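The following pair of complexes shares a single chain, chain A, combined with chain B in the former and chain C in the latter.
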Partner chain A sequence: MGNEFHIVVCGSIVPDPLQTLAPQDGPNGPILQNEMMLPAVLDPWAGHALYEAADLAAKNPGSQVWLVSLGPKAKLQQVMMAVSQKAPFQLVVADGSSSGFEDSYETAKVLSDTIDGIAGLDKSKLLLFGGWQSASRGSGAVMQMVGEMQGVSEQFQGVDKITVGDDGAIEVLERVEGGSYQKSVVDGAPAVMGWATGELPEPPNNPQIGMQNMQKNMPALQQAKPADLSGSSLSFASVEVPQQRRETRIVKDASVDEMAQEIVEWIKG
Partner chain B sequence: MTVLFLAHTECDGTLAKVSLETLTAAKALADGMGAELAVGLVGADVAAAADSIAACGGTFFAVTGPAYNEGLYSTDIAAAEAIAKACSAEIVVAPATSRYSRALPGLAIRLGGRVDTHLSGLNVVDGKPVAKRWFYRQRMEGSFTRDERPWVLTLDAGCAGAFSGAGSADVTAVDADISGVRTRPEGMICVSEDEQTIRPDAEILLVTGAGWTKKQADGEVHVAEAEDSILRFLSATKSSLGSSKSLVDISGEGGAVISFLTHMHQVGQTGATPRHAKGLSTCCHGEEPHVVGWRFINERRAINTDAGCGWAQGKCDVLYVGDAFAIMKKVNELLG
Partner chain C sequence: MSDETPRAEMETDIVCVGFGPAAGGFLTTLTRGLMNEDGTPVAESKAMPGMPPQVICYERADDIGFGVSGVVTKGRAIKASFPDLDLSQIPMAHEVTNEKILFLKDPVGASRRPGLFKLADTVLGKWMEDDAYELPYVPAFLEKHPGMIFSIGQLNQWVGGNLMGTGMAQIWPGSPVAEPLMEGEAVKGVRMVDQGVEKDGTPGAGFMPGMDMKAALTVVADGPVGPVGQHLDRELGLPEGNHQREWAVGMKCVVDLPEDCDWEPGTVLHTIGYPEPEIFGFLYVYPGNVASLGIFVPSWFDSPVRTAYRYMQHWMMHPYLWKRLQGGTMRSWGAKSLQESGKRGEPFLCGDGFARIGEGSGSTNVLTGSGVDEAWATGVQLGESVLELLKDGKAFSKENLEATYVAKRRASWVEEEAKVAEKSRDGFTKGVIPGFMGMGLTGLTKGLINMPGKALKPQDRIPTVEEYYKGYIQEGEIQKIRTECAKNGVSLHDALMDRVGWPEIPLDGTLLVSHQDALLMGGKVQANPGYADHVTFADPDFCKGCREKVCIEACSGQAIYTNPEGGTPLFDREKCVHCGACMWNCSKSNPRDNERTNVKFRGGSGGLHSAEN
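Our next item is the complex of A and B:
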């Protein structure tokens, strides 16, 4: 027996991890230097969530995937040109800041309100996917709040694997300390899954999927509503990059034995 | 006003070190703000844990029972909600364990408050709480406050001294409603002690890079030799093992793989940022992502064939320019 899921993936864009980042004061708090000029990518954990969602939908005919994203729509459009080639999904956009300094509650509120506006979404079939962390704020808090706002109390974070049974029950492996997993079973949707890396490799580009996606997603980008993130009293006293330059001693003319001996002495303290 | 320190017990009924550290921070916050300290404990049986911190001077509340031994979101948030409401907490301070990192952000919604997680510091300035945390994955640290209450806060490990002060605690039992929970726990999947390679409490972190699986001077790859060398080092030192992203991603690219490495070993921008006293990097190269992964490693040494490596220069204390295969083989011999 098949299971139909309505999978909503929450995911935004972040600066390319290889970029050097520095903060500066903006009109409403800290921002990144040259923020709009920095190349952006889909947040890595949101990407894993999206690929897992597409895989789950493919295995369960009748299922649908939406990618709900809060970010500047001009930057989103650039990133989605690449992401759209990876997996089929319907993009839903809230046009606003994807800054890591935005309040996690305000972000969750916008995402939840945006989900409420998805036509045809059956919340009894809802699986709310997203990254358990992000490469921006890194709070690991947004998905839980979106879930609570949606009235979904069966939640899982640091998920690496889910297995759906014929009866719709979902077995979940969540990361815990020390490289271990917590295993549990929820009796079915609705549920929240904050993904770690999952087990799927990044899908190869498929231009055909990309064309199909962008036919739907370009209108979604054009119709994106401005997001209001101004409701927080969060105020920053400072944001700084720590200056930790070390005086590196280069050992290059010593023998293997000498280097090994020095390392062992250092290890033994 | 009440500051609530909230913690769950471990499987053996004790409190984790990070919980004791968080209690120190919560108590200092309450003292600094002139607030009452409440202690909320969750677990199958919290009596021993409560007694172990009885001297903190707080008023104790607890949700107990077999259902609270496992760390399900739905049961943990119900317990936390019941305790927070029982003591009318305006600030909730909890350890950022995997269990509470999972559950407590949702508590803010249930209480009508706000949450800030993974704090690296918590102080009182002019009578107001001021929190510190990292943004953009340990790239930059911010100091901030907010007016919304209740304010739920989780504190990362290593940010305060562990509280010590046993006694006899008088604990008020609190009931939580878990009648609607649809998830059942199925236990833990743990690697054996001999096979465990991720050890958060280890003295040393060994980081492996993609060089271990590249062609060596003889034109061949030597993955079996690399695995043996890495495992012998881990066995001898009981170090924790980390990996660069490029190495754990090699499996998806069809390259030779270190069989025991998974994405859970990954450190850096898109992986973990572990805390260890010493770190030894082998066959790694790179720049910003490595800075993030090594943010909380105190003493850093690296073995690398490139003396001009952008990661090593200015970011590690000693760079050994040489063949990691040869050097680690000798290190293992010396370690016995």
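Our next item is the complex of A and C:
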């Protein structure tokens, strides 16, 4: 007999990491310059969680996948046109900033409240998926908090693989220090999985899946409720994105050893 | 039993290929009119009964904002679509405040200037500031004031965001289209590019044949090198007398100007004369001390080693520009080829089940140097026409599209101005001086008087390296340089430019960076795995015997490179910016179709990844 899961993936959008980012002072603290005009992508960590969720759902008939996303509605729409081609899921949207300058607790609260509003979600079958970390909110704490708010105490962080047994028990491989894995077994749902990179590659675009998804997801986008992220006591002393440093020098006839040595010296600073 | 993966098929009402300014104009106009004021649809979808017509647009790039160009335009059509347009709401957009045309003197002595240019260098010298002569006025036909400057990527993001907000059209990025689905001369939709294939197209693990999207109307807006437009041109030919033989590669970058730069936002510079007399330059200053700048290298620049990147660097270092650019930082970089035959290159604008808009439909005005607004206007014309046909319950037949879309286009300013421009560049087929004279004559007489000339195919124009450098470098020495370059696996152009006196570029790692570093700075290339290479050679044996290998020399991203084993050049799509320069610059004709070259540029995934170009 198969196992039915109700998988909720928490995943927001982040500015495309290949773009030039620059923080600026906004009326309520730091913002990303041109955030609304920068192309955005699904947070790569959440992306892994989504593809693992879709794979798990495909292997366990009757399962469903929801993607709960906190982000500006207009940008989410664009990103979802790309993401929805990759895996079947139902989108649930909380409309708010995803610039990375929000408080983790508030973010978790919005996500948890949004999950509570999903019609038809059976929490006894709940697997709460998300990125172990985030490309914008790097604290790695949001998924743990969402899990706590949902009353899910079985939590795994840095997950790379899960295997579901016939009895519904889930074997989880979690990353631990030294490149090793910790193997755990949980009786079954509900559980929280903060995914590392997982094992699945990004699925190819499939316009058919995309079109089916967007028929359901466009209304979700249009009906998105504004997320309240105003109560934060968080303040930023200073903000800066990592700067890439580029020093081009033309040196002719250098040997490979000399080049390697120079790179080592450069890295040592 | 066959184990072939079945090809999926779906139906929609309207499918649009490519999301650029033309598609932006089309979809903006169409989506505004699909619903009546009482909330009922103007027509019922045939693909999804009970719903308004379903409209889907496919875009090859990974995001809808990855257009490559800084633009100065009068913006008449764009303003008409957005009467309350507030440019401050679009990053990198601004009104044109100051427009200049500059004649640039050759400060290094390496430019191949005809006598008249040398004379101008001397005569105008006393009025020059920093080796540049500012023309006393901008001829009316070139003037963009009052107008606007913007980044096409940012405009596309803004337009796309507006469109998706309506919920009336879907725009799918990362969705390359391979070809139209044709039945005779009718188009029945499009076929997407196969996925899960090796570089040569053979099915690999996870093979998924591209889906067929059937539609009552296919809108072809995929630009000058788009696979659907190219396929139609091959199948249908061009209307009698038309040709697509005039091209240019635009190479540009976006630069953070140094803090003390005195260029005001809205400043527009056009330059002529340097680095080579055939090469034009442009510079647009955005708010925030940022500028888009670069050069156009046209097909009449008869060099077989026409590297645009190094020429752009020499142009930036011209004293007039360098004075204000030095200390700046390159933010992103990119290239695009432009179909500059204009109305002469117009294909069949419509047929049963299809219509063509934008640059690929020949809308670019080659006299005024304007294309984005014209492309937008053609999109609007088609949008209005499609709404009329939907309301009247008429089919998207050739006849009905001609009576609506083509008729609107013929009656519009786009057509009127295109006719004026039609012969404006004929003079360039005889040389750069007759070219400039011809443009001036055409512009000042509104097309009444033109310099005559007959356009040749690019591959018939491009001389051998020996011919081009005759009088500059001895044949024997060229052979020596060629052998040396082949041995080191590098292209010829740097060695030849060095040899004829172009100084070395003093790379500074911020603004003057190596071509390879430019590929990594802001405008990175994204090439998704699982797709076939989109650049191939029609007859690889032809390439083995080719001595010019312009595809290597002209490649904007150094994605086509010397094969260390000799023979057919190699291609690395991780560097390809999809500009198409290889296709129109190749010096060999396709053996099966001599109007085309031996380079095949097909539908492919990815491309340049930058939203601010």
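Observations on the structure shown:
We adopt the following convention: the second predicted complex is superposed on the first by the 242 of 269 C-alpha atoms of A that agree within 3 Å, B and C clash if a C-alpha of one lies under 4 Å from a C-alpha of the other, contacts with A are read in each partner's own complex, and residues count from 1 in each chain.
The definition used in the following text is that a contact is a pair of C-beta atoms (placed from the backbone, for glycine too) under 8 Å apart; a residue touches a chain by one contact, two chains touch by 3 or more.
Remember, predicted model here, so these are calculated numbers, not experimental data.
Of the two partner chains placed by superposition, only chain C is touched by A:85; chain B is not. Legend: residue contacts after superposition of the two complexes on their common chain; A:155 is shown touching chain B, with no touch to chain C.
In the superposition on chain A, A:119 makes contact with neither chain B nor chain C.
The larger set of touched chain A residues comes from B, when the choice is between chain B and chain C.
By the touch criterion stated above, A:74 is placed in contact with chain C alone, chain B being left untouched. By the touch criterion defined above, A:186 reaches chain B but does not reach chain C. Within the superposed three-chain model, A:171 lies in touch with chain B and out of touch with chain C [touch as defined at top].
With both structures placed on the common chain, the touch criterion links A:19 to chain B and to chain C.
Using the contact criterion defined above for the overlaid structures, shared-chain residue A:206 touches chain C, although it does not reach chain B. Chain A uses residues 18-20, 246-250 to touch chain B in one structure and chain C in the other.
The residues of chain A lying in touch with chain B in their complex are 14-15, 17-23, 30, 32, 44-45, 100-101, 103-105, 108, 135-145, 147-149, 153-158, 160, 171, 173-188, 194, 196-197, 201-202, 232-242, 244-252, 254, 256-257, 259-264, 266-267. The touching residues of chain B, counted against chain A in their complex, run 70-74, 77, 97-99, 101-103, 105-106, 108-110, 114-118, 125, 130, 134-148, 180-191, 196-200, 204, 237, 251-252, 262-266, 269-270, 278, 280, 287-289, 299-301, 303, 307, 312-323, 326-328, 330-331, 333-335. Residues 8, 10, 56, 58, 62-66, 90-91, 154, 157-158, 160-161, 164-165, 167, 170-175, 192, 195-196, 206, 208, 211, 213, 331-332, 507-510, 513-514, 517, 521-522, 524, 526, 530, 609-612 of chain C are the ones that touch chain A when the two sit in their complex. Across the interface of their complex, chain C is touched by residues 16, 18-20, 34, 36-39, 74-75, 77-78, 81-82, 85, 204-208, 210-211, 214, 218, 221-222, 246-250 of chain A.
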